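Structures incoming, each one as structure tokens.
Below are two complexes that have subunit A in common, paired first with subunit B and then with subunit C.
This part shows the complex of A and B:
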């Protein structure tokens, strides 16, 4: 079997072949590969830049792989910031001995997901490290987008609706199951998906979106706590309105986890004006990724920054950031 | 003038300075002393001060002796003397007996009185057809009736109470102003002409026709559930003899197993359903009228669903005139607090109907507002000693006197079974039982109660909280310097304070879960020290709790963990035999334990009990706090001490560790041989007794004292309380248990406060 060796990363002949054969052909890069940096044109003066590293285990999991995750994660970060994704870079850190075919699969997955989202991969890097120095493949990305929609966070007000685009906790549970951490198999698949098209539709179809976040690590609760604290608003979630797949709920029950703290990779939280909440929901539901979108709570005041949840029994709890739950690498 | 003075000096051949601490203010104590001194031909003075009452009597020696003998016998029923100090002094030659103005002026000496059950005099009038208050549900006097629950502010005067909206009629006013009347300055004084009235509503809020008590009784007889507004909040009532009604109440309140308290018409009626010792009788009849846990009679004809799996029943006597009138119609009523679980007491009219929809059918209400809600107190007697399970109505907010200066210190208390404590001078005001602070509504309730009690108690200068990092309570006390006290140290200091110990001693703390200084869950601890400093000498070996808090709700998980700890991978198969319906989950739990995923370590008595309870098939899932452990302890509640203990082992590293895994091996053998659960329960209890006593013995150094305080919620378990004491005494230890505050987390705030006071002193 063909494997990646240290020589693939030494900058010599093998590196050149790898880049030509694998990366350039897959990514169809248009920017000049002859220079040390990619030269791109920007149709705006406000751009959004994001960077992320992907270290998920296993590299291939139900619902996706590290390549798709890297693109989707980057695209979503740009999209929830009001930007249209244009370019991205990809840095690979590859463990010596990694199967060439697996790398090919990952690269193809990146290419496919990038093409779907119209984002060009304009620069890259490859390093090969000694066996044991990394776990298969790590990927680092930088994404660049054009800002189309300015943040309307200043308009956050009492009564605004909190919407999540679908069921929560799928990615975290799928990864745990794929790692065999659960000791049981589950039909749960990762929700890993790029959301820029759906988000763009919502942005165009309604003017009421105040802010968006993608609730990845730390889950829905951690993202909302950050929103509450950053903007000094209090949100009350209704426990019974949270979309959770039964299999995720069952797994969480066994593990003693709260699905609100389990990671997602294809969900967006939107805070929208009360008047446009229903319109937003129907726009989301036109996309397969938003089919299960739901209003899960409201802003109740703009005096203090606190996230709360009303339980099915009518009592209210305060939610904090993820604390002390030792989850393995999932993103 | 001179001869007269000389004459009185001559008659006074002896004098005493007497200080009395306890509940002696605001209960008619000074007029009582005045009368007693006069009857004994003594002269002198009496004065309220910060600590209680300061009394000087002088006269003939034999009269002084009579006075001292009569003091406890004739004291007003609402008074309670915790400590009487008598000192001889030279006679000063008082001409008569006088009541002096209070020593320190201002609010600091003011005491908020506790609510009291209706007294015998008022009860007599209630049933006297010639009395103007015949069958009046709000009759009261200076020795009975609502107090704490209707007071807005101090000094305690009618305009500062929820009675302010009722203008006294001339007849009531005359009694109120007459110093010879039983109702002289009885602030809640009322009569049918001028006072509060009852109304019966459907839960939709429609007023019903007819006489409210008769109508309510008819509804209850027909199996309906009626919410009844009482002294400190709303109760849910139904006929305790009606199985269907009790089941319906459980269903609607979503409370499948938790014992329901009942109210019985009279002591005679209680005797028909429960065994009552003389001490228990005294408690039931006391002005505090708590719920007392009594041993059920086998022939008890009440619904078996009142307290499933329990040998005991929580029983109280009617404590308001309204209760008496109702219980005349139905002798046994379920009386359980109406609040939804996890939420504060239900006491405001405007909230009641909303909450009660779907739970109660009707609401028997009245127009005297409840300003401060308060739960019924719950107590049990163990070997003739009072064991507080919940300290609330009738007891709170009576101050607890201490020898330390605790002025301006506030203790936030624990997260579960919360009470808080406020220090004023040398008094500690312990709040009524607040409950579990997990929900924001409870935190808001805490703040409201704290604000109220601080207002007439003492504002906070410094605070003390638990050391748990995820606690919301550091903000509750506001912006003051905060000390942190470890949960089990607080338990220990609480018991030391409760029993008057200050020198270093052992603290054997058995309870559910508390945050330990190593980040693990503690709850079977041997500490040594005092209020100022302490050391952990030993503890129960840790087991992982797979799924964290989920294990507390689901004791079978802890059982699996113990089995895996004991038998390794073989324990998985054993667990599957014990819990066949959990076959799918058990390997997953094993996996969690192996991978250390969401499995905090715990060494607690409560979780050990949980595990054994689940293995014995007594309780796999706890539907209320501590259910599995409580039901296990009920099995042996009234059995003697005859069972042989299982094995345990003690291991010493830098600390002593009690290892219960040998016990599990033997227990599993017993289980396999079909030994009855009650025998295994007895053997298990005895193992805990032996293990705990052996742990103290093993850890003791020659320089250590031989005193041991027992604290933590597990000491509500009569077997542990009785026989751990016995076993330690046999080994030469002096053993101390709680007297005035609960051994459970309701006593934590007292311990925190005293520990903080010590820090301030040193």
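This part shows the complex of A and C:
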């Protein structure tokens, strides 16, 4: 079996061949690949920039792989910031001995997901470390986009609806299952998906979106706590309205997890004016990724900066950031 | 001793605290740190983008550390592309158990080198992997700059001078020495340095620069082979004119290395019109990083695309890319 060697990362002949054979043919990069930096045009004077490292284990899992995850994660961070993704960089740290065919599969997955989103991969980097010095492959991506929609956070007000675009916790549970850490089998698949097309449709179809977030690590609750603290708003979630797949609910019950704290990789949280909430839902539901979109709560005041949840018994309790539940290597 | 735990990377409370305490206070980021993407202004319609992962071992070495290296590497890739660095992203992959004080030292080093170059760190990411799943810390940086000087590669012609801004091979030998892989001690320090100020001075002081490159992994020879192939030019280097520190030459002799293939992290190759070569040298020599700048060769034709070196005995031989000399984890 063809494997990656240290010489593939030494900057010499084999690095050159790897870039030519594998990366350039998959990414169809137009910029001169061997230059120190890519020169690209930027049709805007405000850009959005995001970066993420991906260390998910296993590399291939039901619903996706590290390559698709890396692109989708980058796309979603830009989309929820009101930006249209244009360019991406891609840095690989590869363990000596990693199967070439697996790298090829990951690179193809990146290329396919980038193409689907109209993103050019403009710069890359490949490092190879000795066997045992990393875990297969780590990928870093940086995304650059053009800002198309300004934040309307200043309009956040009492009564605004909190919407999530679909079921929560699927990604985290799928990864645990793929690692055989559940102690039982499950049909849960990762929700890993690029949401920029759906988000663009929503932005065009309604003027009511105040802010959006991408609830990945830390789950829905942690993202909403950040929002509440950043803008000083209080949100009350309705526990019974949270979309949770039965298999995810079951796994969480058994493991003692709360699905609100389990990672997602293809969901968006939207805070929307009360008047436009139904319109937003119907726009989301026209996309497969938004088919299970739901209104899950409301802003109840704009002063105290708390996230609360009303349980099925009618009482409310305060939610904090994820704390002490270790689910490493999920993205 | 305070150490990094898996929970520092779970996206919850401890991640929040780490970002607030360590990264934000060092980087003085003005963009809202918890947003999915940073929104920044871009005063140009052409931008330069570069990305690199840094996996150097050891993390701290004579002349620098992984943090300084990460910034300088990014700055230099942009500067040789004719761009002024403006923004940088910074992604950390950290091994569980990594000493907090070492992370602090690295972050401070990044912050200091970024500030020296007027670069804002606009986006970041922190992942923590289990003990044994990476080697201390890996850093990915992406740099974004404004293009100030267009490539003059179209003007490359016979007689153009090839200049290197100083001694070659220092970084590679310093890293091997720091790993105790030489079998003897040496005083060699890494040349790790940000060169954008020096390069800007050269660009302003002479119109004769055709192209520049940053000869890191693969060394001077590999970078020049890339140039010769990309532009179809032939360069003949004069072996006796190559600036090599005696300690580096001695180490290379003993190890069977050629300093032309050993990595640099603070050097620039410039190809300059014959008429402006001396002026370029004197501009370089006004900077400490360029004190040992030298003319090391000439373009001899613009068709065959070869790199050749004239030895001290007068014969010339063809040079290829680095091949088969494994010096992993040098950057």
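Going forward, the second predicted complex is superposed on the first by the 330 of 331 C-alpha atoms of A that agree within 3 Å, B and C clash if a C-alpha of one lies under 4 Å from a C-alpha of the other, contacts with A are read in each partner's own complex, and residues count from 1 in each chain.
In this text, contacts are C-beta pairs under 8 Å (C-beta built on N, C-alpha and C of every residue); 3 or more make two chains touch, one makes a residue touch a chain.
Bear in mind that the values here come from a model prediction, so they are computed numbers and not experimental data.
If we overlay the two complexes on their shared chain A, which of subunit B and subunit C does A:317 touch? Say first, second, both or neither.
In the superposition, A:317 touches subunit B alone.
Is A:256 in contact with subunit B, with subunit C, with both, or with neither (first, second, both, neither)?
A:256 sits against subunit B, while subunit C stays out of touch.
For A:182, select first, second, both or neither according to whether it touches subunit B, subunit C, the two together, or no partner.
A:182 contacts subunit B only, not subunit C.
Check whether A:308 is in contact with subunit B, with subunit C, with both or with neither, and answer first, second, both or neither.
The answer is first: A:308 touches subunit B but not subunit C.
Between subunit B and subunit C, whom does A:132 touch in the aligned arrangement: first, second, both, or neither?
A:132 sits against subunit C, while subunit B stays out of touch.
Quick check for you: in the superposed arrangement, does A:158 touch first (subunit B), second (subunit C), both or neither?
After superposing on A, A:158 lies clear of both subunit B and subunit C.
With both structures placed on chain A, which of the two partners, subunit B or subunit C, ends up touching more residues of subunit A?
Tallying touched residues of subunit A, the top partner is C.
Check the residue A:91 against both partner chains and state whether it touches subunit B (first), subunit C (second), both, or neither.
After superposing on A, A:91 lies in contact with subunit C but is clear of subunit B.
Do subunit B and subunit C touch any of the same residues on subunit A, and if so, which?
320, 323, 325-326
Please give the residue numbers of subunit B that touch subunit A in the complex, ascending.
254, 340-343, 438-442, 470, 472, 546-551, 584-585, 587-592, 595-598
In their complex, what parts of subunit A are in touch with subunit B?
181-184, 253-257, 308, 311, 313-318, 320, 323, 325-326
What part of subunit C is in contact with subunit A in the complex they form?
Its residues touching subunit A are 6-7, 9-16, 32, 34-55, 57, 76-78, 80-81, 83, 87, 89-93, 122-125, 127-130, 132-135, 138, 140, 142-145, 147, 213-214, 216-219, 222, 226, 230, 261, 263, 320-329, 331.
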